[in-house]
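Note that chain A is present in both complexes that follow, paired respectively with chain B and with chain C.
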Partner chain A sequence: MAATQGTIQPGAVSLGGGSRRRELGRWLFILPVVFLNLVVIVGPALFGVYIAFTDWSGVGSMNFVGLENFARLLQDQVFWKALRNNLVWTAIFLVVPIVLGLLGAYMLTGIRRGQMFMRVAFFVPYVLPSVVTTHIWRYLMHPRVGLGQWLSDTFGIDFLDKAWLGSRDTALYGIAFMDNWHFWGFPLVLLLAAMSAVDVELYEVARLDGASRFQQFRHVTLPSIRPTLVFLLLMIAIWSALVFDYIFLTTGGGPANASEVMGTHLYTTAFERFQTGYAATIGLVMVLWVALVVGGFVYLRKRGWEI
Partner chain B sequence: MNLAVRWPSAPVTLASSWNLSSLKNYAVLVVLVFFALAPLYALVVNSFKSRVQIAFSPFGLPRRWLFSNFNIAWERGDFATSLPNSIVLATATIVLVLLFAGLAAFALARLRLPGANYLAFYFLVAIAVPPQFYMVPLFFLWRSLGMLNTFHGMIIIYVAIYSPFAIYLLRSYMVSIPEEFVDAARIDGAGNWQVFRRLILPLSWPGFLTAGLVVGLSVWNEFLFAQTFMPRPELNTVATSLAAFQQRGGRQWGLTNAASVIMITPVIVLFLVLQRRFIHGLTQGGLKA
Partner chain C sequence: MIRRILVVALLLSTLGVGAVSAQDGVTITWWSEVFSMPSNIQEVLVDAFNEAHPGITLEMVGQEDLNQTLRTAIQAGEAPDLLVTPGASFIAEYVDAGLVEPLDDAAAELGWADKVLDWAYQSGQLGGVLYSIPLTYESLVLFYNKTVFEENGWEAPTTFEEFEAIVAAAQDIGIYPLAYGNATWQPSNEHLMGMYLNAYAGRENVYKALVGEIPWTHESIVGATELLRRHIADDALFSGGLENYFANGGDDWRAEFASGEAAMILSGTWNFRSIGGFFEEAGNEWDWVPIPSMSDMAGEYGYELATGTTVSVNAQSPNKDAAIKALDFLISDPALVLKLAADVGFGEWVVPVHFGVDDFPEGTDERVVRFFSDFAAVTGEGRIGYTTWTFWPAAPNVHLWEAVENVWWGDISVEEYLEEHERLWQIERDAGNLLPVPAPAMGGM
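What follows is the complex of A and B.
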């Protein structure tokens, strides 16, 4: 292609030279983005790997301390609490939004009137910013003015009237509930789009065989939308390591680290305690998490799993 | 990962005989719609109430619509500062992402770069690195370059973060442009730049619009980087400024609700007008919003 361009190009002074210039010129198209990513993401990330092995505080000297930060990680109760909470978070989000999304999408395929409106309604929470989502639910979960108090006052239902975010037992689940309200429309529309691509005749055949609606879902819908489902589970497993906004804006990881996650622990370590080296070490665990998830996915695929 | 699933423009229905049970479907769906929208309803009605009214009737319609909440929230929430800041950041980021990512997507889709696969892999890695991990070294790099608390420092970060997503989205639009068009333009003597400007840009504008919307939404809503790299109050974005106002506002639910409504109104309106583009863009890029 490049060679033919050179020969056809009427304005070229020297055919060979023009083609080479154009060859180099192609790289100019991609250079700005590669450069920006190098400066903002890849460069700092590589630097981060290095400072994870130092005692750097962000200012002053940087001393190489070997595996000291990693030894500290093993002793750090807050870190283990945070890692455990990230795992709980992952488990919740692998199940709840997926089940809700599957339910909503499958029900939508059974109706015609109102479907377009409902699709949009389900997706609205997903475009809201975290600062607003957390604000709405901080109010609704508030022990004095919120939903629980209202249900208790109006209907005498008082089991929901608790300080959800103020209690060590429920804070993490309360925040997960908020983020789930924001998020579940995302799997729903992806799953609905996948369901729309399923061959309708498969359902006809299944019905002729006497399959119930649930059996149709189990044996026709689910296998057909598997690529989308696997993609969603993969993304959720990655994103669950990164959760930050919802925790930071509601409890800040409290009370008593009960809702601490790696993201908030890293943030306070870096920007409140100024232990830059150790913060980078926590960040490395997050990198390792993502690498394990992606690596596991690639491994299973190579082993012949159809995912 | 590209799922190549198109967002269907008509209602999706799987089986006609379901009409018998569609009443049950509606029952479930109405509950789900209620779950999705009721919290927003609570936010909006309470933005028109005084503190006393909220305590008296937390979910009913306001007895007296208190529009003054919005004036007070505008002032105490410092929107006169944060709104222009966010608009500048979002606009500059959109323009630069579309320019740079557009050029890169064009190169990856149509210029047959040797090693294009490696480049695609590079951008995938750049997406997958946890932001908190590179954020810490980046903070100190930005400090030593004097780019903390500057718009250009913030814009550079946003452009770098959101470009890979835009590249994937735009590339998928550009590869659908027939190669013969490009060949024909070249025979007419068009160089790479002219092919991009005269041919690719006009033909893939829906992709640019979609990517621009998603990037704009992401910048508008973004909290973590804005909070960390521009902590000065006069540089607050709507997100960081609203978070600060919510902290200060304490129990003034009417006012903080009004401020939240101010922040999300442009987002909701734009989303309702262009919902298909938004949904397509947000679900195809693998971008966490």
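What follows is the complex of A and C.
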């Protein structure tokens, strides 16, 4: 439609030698990026798929073993425990930081003075290196010198006086707590930016119609920030498959695999057992997870969802 | 014509420069883990070697996370001339890949078998061929808080009965009998597993299991694993129970021990390096004794053999001879070795060469000298044990320290754990991945 009115959409026309030359010119400009992508992304990815079918140790020769690694995966109880923990982790992170971020952002929208300070304050933990955050929280959660022990000794509050990372009932949730502490400022800042962009007239109309604060949030804010919200959910679902550093730096996946996730299992398999081929098979499951999430996102878009 | 002469002269001069460069410009690189590098390494090893070898320049480069860095460098064909690995078990895969130079000829010519402790020399061999020299060795002992012991009138335990009596006495006065934890190093579990295997099942049974003469499900191994399970899970001897053990990092359990909240630790001699600071801060004193035998099967006490990092020559290096000279320079001078080791508190760089009490630098801690003297005498009699990180192939090694947690939590039985351990060992035996194991003195039980 626009093209018939005289504007030319890039790439929409392919008539004559001049256009072909222009098209070729565009490809020549993008070629270095394509080459780089092939070398550092596509090539290693395809290599990763291949070694999932081998017994490669990480150095030296590799032998093709067919589906042996996949058969082992089905029998690997630690892998299934890790997969289950990844699902639990995803559920926690799809809810807790999003709810906290929504609440925090919504409340901050009503603040004019000091909002920037609060934004920075909430965002600072997100930029702290994981090695620093885990070190601090490992002490805060320690049963002998931690916060729980202090609260118990000082105020007689006992319910927090536990070995949070030492118990297999609480290790995964303890790590999820500290990761949430570091992460929730990120959705808050994104959601706050999205909420700030909502047309104020919509709220005025809603108020004229007698909508309460909650109804305004439910019927104006949420639909308006849906693309940002869905983007966050999508990224969290992907990142949850790849979680590694917080667990590796605190429990290493223990006690007794209670906090094991696919990332830590993959690491131990590749770099402790020297079974890189099998580790690549675990990696393929992580890729499959990400593909399913992205596939679901694309499917919903095709169904007309505004995301 | 003049132009031609000039060109020929230029070419000849270039060739001449090239010849001089090839002769004088040999540079060999040696990467070392940063945290374990002695601060005096440049002066004591690098400068001394370079001065003694005109024409060769040794460069020592500190690396963070050396093992990962080295694996990446190997893939890229950029590995240094001297390859340092975290342990003998890591060498096997490099040998399989043809990355490591066999050192038998050099060793024979330079007399390395006489310079390096016999068991350590053997631990560098695969299929009878020498591929590596250990850069450090260590063992496991029982450390005790001397101040707490003196205050309570306790003697350092020399038998299992005495050990159990101290455990009971410590519990009576409300302190932990033992401190330990694995929060900052999950494989710490294997320190305890190794100790109990050697001290309960005995060196002969562990040796037989290592060489496949008895299965890992043998009753002696079951007994050792069950004793540790009882001590750590049922009796909560280590830092008050499993949950504290899993929450404790290295600093935590060292602080518990030094402050007197715990009476003893079962750990490695690498603690010579770090434990002093904790005790100084707490105002207490420490000492050590060999780990008492825990059953009649174990016989008289011995020391577990452990090599830490190893060094090999890169098979792809264009300067293999120069790299071998650097290795020879290191292992030929016990005084040089001890200067390096003393700088890192004898926790690293204790290259296993023959040294006597007089070789130690002046001012060396008497407790350290006592350990190395006794270690030499006892292991010389064949009273040796086996650390899991030196003599276990990678997959069974990981299983040993990882799955034992499931035993401690009661998810699986000791028998189920050892059946899986035996299965993993059988895979390694079938693949010919076994590491060299020096035999102990037999029949001494």
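In this text, the second predicted complex is superposed on the first by the 263 of 307 C-alpha atoms of A that agree within 3 Å, B and C clash if a C-alpha of one lies under 4 Å from a C-alpha of the other, contacts with A are read in each partner's own complex, and residues count from 1 in each chain.
As a working rule, a residue touches a chain if its C-beta (ideal position, glycine included) is under 8 Å from a C-beta of that chain, and two chains touch if they have at least 3 such contacts.
Every value quoted in this text rests on a predicted model; they were computed, and no experiment measured them.
Novice: Sticking to the clash and touch definitions up top, decide whether chain B and chain C on chain A clash or fit.
Specialist: After superposition on chain A, chain B vs chain C: clash.
Novice: Looking at A:Ala193, would you say it contacts chain B, chain C, both, or neither? Reply first, second, both or neither.
Specialist: Touch partner of A:Ala193: chain B, not chain C.
Novice: Would you check which partner chain A:Pro32 touches, where first means chain B only, second means chain C only, and both and neither mean what they say?
Specialist: first
Novice: On the A-aligned overlay, A:Pro143 touches which partner chain: chain B = first, chain C = second, or both, or neither?
Specialist: Second partner only.
Novice: Counting residues of chain A touched by each partner, does chain B or chain C come out ahead?
Specialist: B
Novice: Is A:Gly58 in contact with chain B, with chain C, with both, or with neither (first, second, both, neither)?
Specialist: Both: A:Gly58 reaches chain B and chain C.
Novice: Identify the partner contact of A:Ala163: answer first if only chain B is touched, second if only chain C is, both if each is, neither if none is.
Specialist: second
Novice: Just chain B (first), just chain C (second), both, or neither: which does A:Pro129 touch?
Specialist: First partner only.
Novice: Taking the superposition on A as described, I'd like to know which of chain B and chain C A:Phe271 touches: first, second, both or neither.
Specialist: Once the two structures are laid over each other on A, A:Phe271 reaches both partners.
Novice: Superposition on A: which chain C stretch among 63-71, 99-107, 135-143 or 297-305 collides with chain B?
Specialist: Superposition on chain A puts chain B right on top of 63-71.
Novice: Could you tell me which stretches of chain A are touched by chain B in one complex and by chain C in the other?
Specialist: 58, 145, 271
Novice: Given the complex with chain A, which residues does chain B contribute to the contact?
Specialist: Checking each residue of chain B against chain A gives 1, 3, 5-8, 11-15, 17-18, 21-22, 25-26, 28-29, 32-33, 35-37, 39-40, 42-43, 46, 54-55, 58-59, 100-101, 103-104, 106-108, 111-113, 119, 122-123, 125-126, 128-141, 156-157, 159-161, 163-164, 167, 186-187, 189, 191-192, 196, 217, 220-221, 223-224, 228, 239, 242-243, 246, 253, 256-257, 260, 263-264, 267-268, 271-272, 275, 278-279, 282-283, 286, 288-289.
Novice: Spell out the residues on chain A that touch chain C in their complex, using ranges where they run on.
Specialist: Spelled out, the residues of chain A in touch with chain C are 57-61, 138, 141-145, 162-168, 171, 250-257, 268, 271-275.
Novice: Considering only the defined contacts, which chain A positions touch chain B in the complex?
Specialist: 1-2, 5, 8-11, 22, 25-27, 29-30, 32-34, 36-37, 39-45, 47-48, 51, 58, 100, 103-104, 107-112, 114-116, 118-132, 135-137, 139-140, 145-147, 149-150, 181, 185-186, 189-190, 192-198, 200, 203-204, 207, 213, 216, 221, 227-228, 231, 234-235, 238-239, 241-242, 244-245, 248-249, 262-263, 266-267, 270-271, 276, 279-280, 283-284, 286-287, 290, 294
Novice: Write out the stretch or stretches of chain C touching chain A in their complex.
Specialist: So the residues of chain C touching chain A come out as 67-68, 71, 74-75, 93-94, 96-99, 182-183, 186, 242-249, 252, 256, 394-395, 397-398, 402, 405-406, 408-409, 411.
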